[in-house]
Amino acid sequence: MSRGFYVGRFQPYHNGHQSVLEQMACRVDEIVIGIGSAQISHTLANPFTAGERVLMLIRSLSSLKCPFYVIPLEDVQRNALWVAHVRAMTPPFDTVYSANPLVVQLFTEAGVDVRSPNMHERLTHSGTAIRQRMLDGKAWEHLVPPAVVDVIQEIHGVERLQQIAGSD
Amino acid sequence: MSRGFYVGRFQPYHNGHQSVLEQMACRVDEIVIGIGSAQISHTLANPFTAGERVLMLIRSLSSLKCPFYVIPLEDVQRNALWVAHVRAMTPPFDTVYSANPLVVQLFTEAGVDVRSPNMHERLTHSGTAIRQRMLDGKAWEHLVPPAVVDVIQEIHGVERLQQIAGSD
Amino acid sequence: MSRGFYVGRFQPYHNGHQSVLEQMACRVDEIVIGIGSAQISHTLANPFTAGERVLMLIRSLSSLKCPFYVIPLEDVQRNALWVAHVRAMTPPFDTVYSANPLVVQLFTEAGVDVRSPNMHERLTHSGTAIRQRMLDGKAWEHLVPPAVVDVIQEIHGVERLQQIAGSD
Amino acid sequence: MSRGFYVGRFQPYHNGHQSVLEQMACRVDEIVIGIGSAQISHTLANPFTAGERVLMLIRSLSSLKCPFYVIPLEDVQRNALWVAHVRAMTPPFDTVYSANPLVVQLFTEAGVDVRSPNMHERLTHSGTAIRQRMLDGKAWEHLVPPAVVDVIQEIHGVERLQQIAGSD
Amino acid sequence: MSRGFYVGRFQPYHNGHQSVLEQMACRVDEIVIGIGSAQISHTLANPFTAGERVLMLIRSLSSLKCPFYVIPLEDVQRNALWVAHVRAMTPPFDTVYSANPLVVQLFTEAGVDVRSPNMHERLTHSGTAIRQRMLDGKAWEHLVPPAVVDVIQEIHGVERLQQIAGSD
Amino acid sequence: MSRGFYVGRFQPYHNGHQSVLEQMACRVDEIVIGIGSAQISHTLANPFTAGERVLMLIRSLSSLKCPFYVIPLEDVQRNALWVAHVRAMTPPFDTVYSANPLVVQLFTEAGVDVRSPNMHERLTHSGTAIRQRMLDGKAWEHLVPPAVVDVIQEIHGVERLQQIAGSD
């Protein structure tokens, strides 16, 4: 059985992430999804808690073609320990899907097989763009799965982000 | 929709835990399962990593009658912050099922509804008993779900525990 | 009895803070004053230790019209735990006085009554301005209570700030 | 002006502590009182939060003959850094009053003048004894100042301790 | 070139450690010596600072037959990350010499070659025995290299240990 | 006997550092070299692990005219504790050689004798410049001792830095 690992901060979870996970679902038997910087919330770059991000992921992936595990991962603040941290917190996996340069480097140094999903690089910028649209009062709902719109409305996520931005 | 929270260290996950979760599955719509002391492993009291415990839980609960989320929870080392930590890391829940005195006290002080599962108290001692049986080379397999036996064999869990015990 | 909470970094404590606390003293029976980022010192943005800031506050407030408690608060690095941290470290309070957007958001999410002091927003910029004046060798003494001038002279605070700035 | 430092965990604050502080009040101009292990609460050895302990101290000392500062001190987990930590968190002091062997050693190595209060050693055992009496349902109220009885009743402190003790 | 790794707490460094390192010096080209629990000092089980232990080692090993590196290693509090921590803090090594059961298990799981020095197990008990002899005022000097006697006298190590023991 | 202390991040160790240490070797009997921010690696500003930096130093200093100790120093995140941290982790020293403004301030406040090496200030900028040259594919080898070139090639250090820089 093959298991693939995918990690993101998911602030918020969006269509780009969804696309990568749907690609992965055709190639591996099970997917381990790490929620990075799980301990951070209520900041401009990381407005949502890990629990809120778990909800976004699970509701959006209910019809994914393969089983998946969603694991919040607190930061360890030391890059040289990060791979060991991920491995201790997750079921074992064979392959990492990532276009994040640091993630690629750390897993490669550890001898793990890393593959680039087609569209990731562009996606990493999308989280920033979506949060900016929320701050500016522009439409963002079309950039995320419908379940994510629901979660963010339930938790008053846009209002939280705008309030935190405050006079800064 | 109602969501219930259950937390344990699951060192290892055993029939007592399984029984509580099956009871809960009849009473709530979804279950949030916290894996406590997620960051600890390779000790006599906590031999298994969080990832190994995730595997034990998910494989054992594949036929549970309601959806569930398994969330590793690192310790925060400060009891007064623990409820806030749990809430930040998990989807929201209405009811906690626990017979652990400290868990009951902390959630009660926070105004959360706490209920006692029927058999928990006895169970909290079972983890200790199972680890002792592993150390002594006695049978323990009948005390855990079959999927847990598989996981522990795959990771050479009994050998790990015996090695750690070493000359101490 | 009503108790109000006010928090700042007080780098240094200045006339704006003093004004807010004098306003509060007319409205609540007791004031709890939190010294934020208590563990940080000897940086450009946070030159003074918590102990030095305690001195500034207590000496400046000796004639305040109501009793007050000064509590150094180390950062917890996790916004979702911050309200629980404040509550564990301080006597209980009913009302928070703050114009800091994040403080307002965190206490509001926790269901605590938050009120805006009249002049706070402008004040938050004053700390920065005062430190810049110290660096530039300009007059700053008129912006803080006389007792703060004394404390900063005793600890050679301006020299410390200028030295830290160094060649950076 | 002379300032003296006294530190304890105050779980709870009791007549022995009160006696030491009243002795000190005759010998120094101001007293700095550190609340040790401020971050710990809800355990058998440390049932009360720092904020609760602040209340106990301030209410009991309202008629003390000299000014005092009450400073919660989180543990730093490294004895070699503890004196520097205390100094950074408190106004400067000349003399330490302590009979705690580790506190005496650490301040002595740092070149600080340390004096033994007459009755401290016996007192350090009293906290333990008072908590045991609370657990056993015996009278403890005569061992603490009246204000401490009030605080512990307000926070349901005895019930908390008994609940935490639970089946352990 | 072959490099061997040896780790201990060295509280204090004694003849048993010296014997193991002399054995290793004949078998590898260079030795990396880790000082474990480097951040702990001034406790009954760990009386000496990392810096003091560095001195004990370097002075005792001045005539060792091969080059060596002495690296203080702070604890990471998570066994699953410890091997990655050691590797990040030290020059690379091929072989670990240890009879400590946990060290053996962790490096073995990481695929590192581990060998048992002949006499280690007995030695791990010697540190405890030496500290007990110091506390009891018995002779301990014959159990450590002469340079260690010098270091402990310079730092008043026996007095420190006896003071910390205090009334406990 | 006199011992001098010198600290740097050594990302990487370069000719400027070497020059300062050679100056010091004529003035003190022994040198204690602290590797700052030892726990950080795999970032643009701190690409190399502490172990890799230990190698760079020891190989480059094999012919230094006086004995030296190389001690990795993890950050303590609190400037007010940093001097105590350094002292606990290193053999005792009388004099600090530094042109870093914060290091000078912290040791001066602690009453330690601090001297400025002739060329340090320019050097602190060299680490940044060397990393930029590595990123840009320009020559950098002439700016570091030959042994450092070897270490960086062995660990594929330039490739690591370029990979981490990635699309950022």
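Per-chain residue numbering starts at 1, and chain names A, B, C, D, E and F are given in the order in which the chains are listed.
Just so it is clear, contacts are C-beta pairs under 8 Å (C-beta built on N, C-alpha and C of every residue); 3 or more make two chains touch, one makes a residue touch a chain.
Since the model is a prediction, treat every value here as computed from it, not as a measurement.
Each step here moves to a touching chain, and the least such steps from subunit C to subunit E number 2. Considering the contact criterion stated above, the chains in touch with subunit D and with subunit E alike are B, F. These two copies of the sequence, subunit A and subunit C, are related by a rotation of 120 degrees on CA atoms, to the nearest 5. Between the CA-based centres of subunit C and subunit D the separation comes to 26 Å, rounded to the whole angstrom.
Computed from the mean C-alpha positions, the centre of subunit B lies at a distance of 43 Å from the centre of subunit C. Spacing of subunit B relative to subunit E, judged by their CA centroids, is 37 angstrom. Residue positions of subunit C touching 2 or more other chains: 39, 41, 49, 78, 80, 87-88. By the definition of touch given earlier, these chain pairs are in contact: A-B, A-C, A-E, A-F, B-C, B-D, B-E, C-D, C-F, D-E, D-F, E-F.
For subunit E in complex with subunit F, the residues that touch the partner chain are 38-39, 41, 49-52, 54-55, 58, 69-72, 74, 87-92.
Looking at the complex, you find that subunit E touches subunit A at residues 76, 78, 80-81, 83-85, 87-88.
Of all the residues in subunit D, the ones that touch subunit B in their complex are 39-43, 49, 160, 163-168. By the touch criterion given at the top, residues 77-80, 99-102, 104-106, 108-109, 121, 124 of subunit F touch subunit C in their complex.
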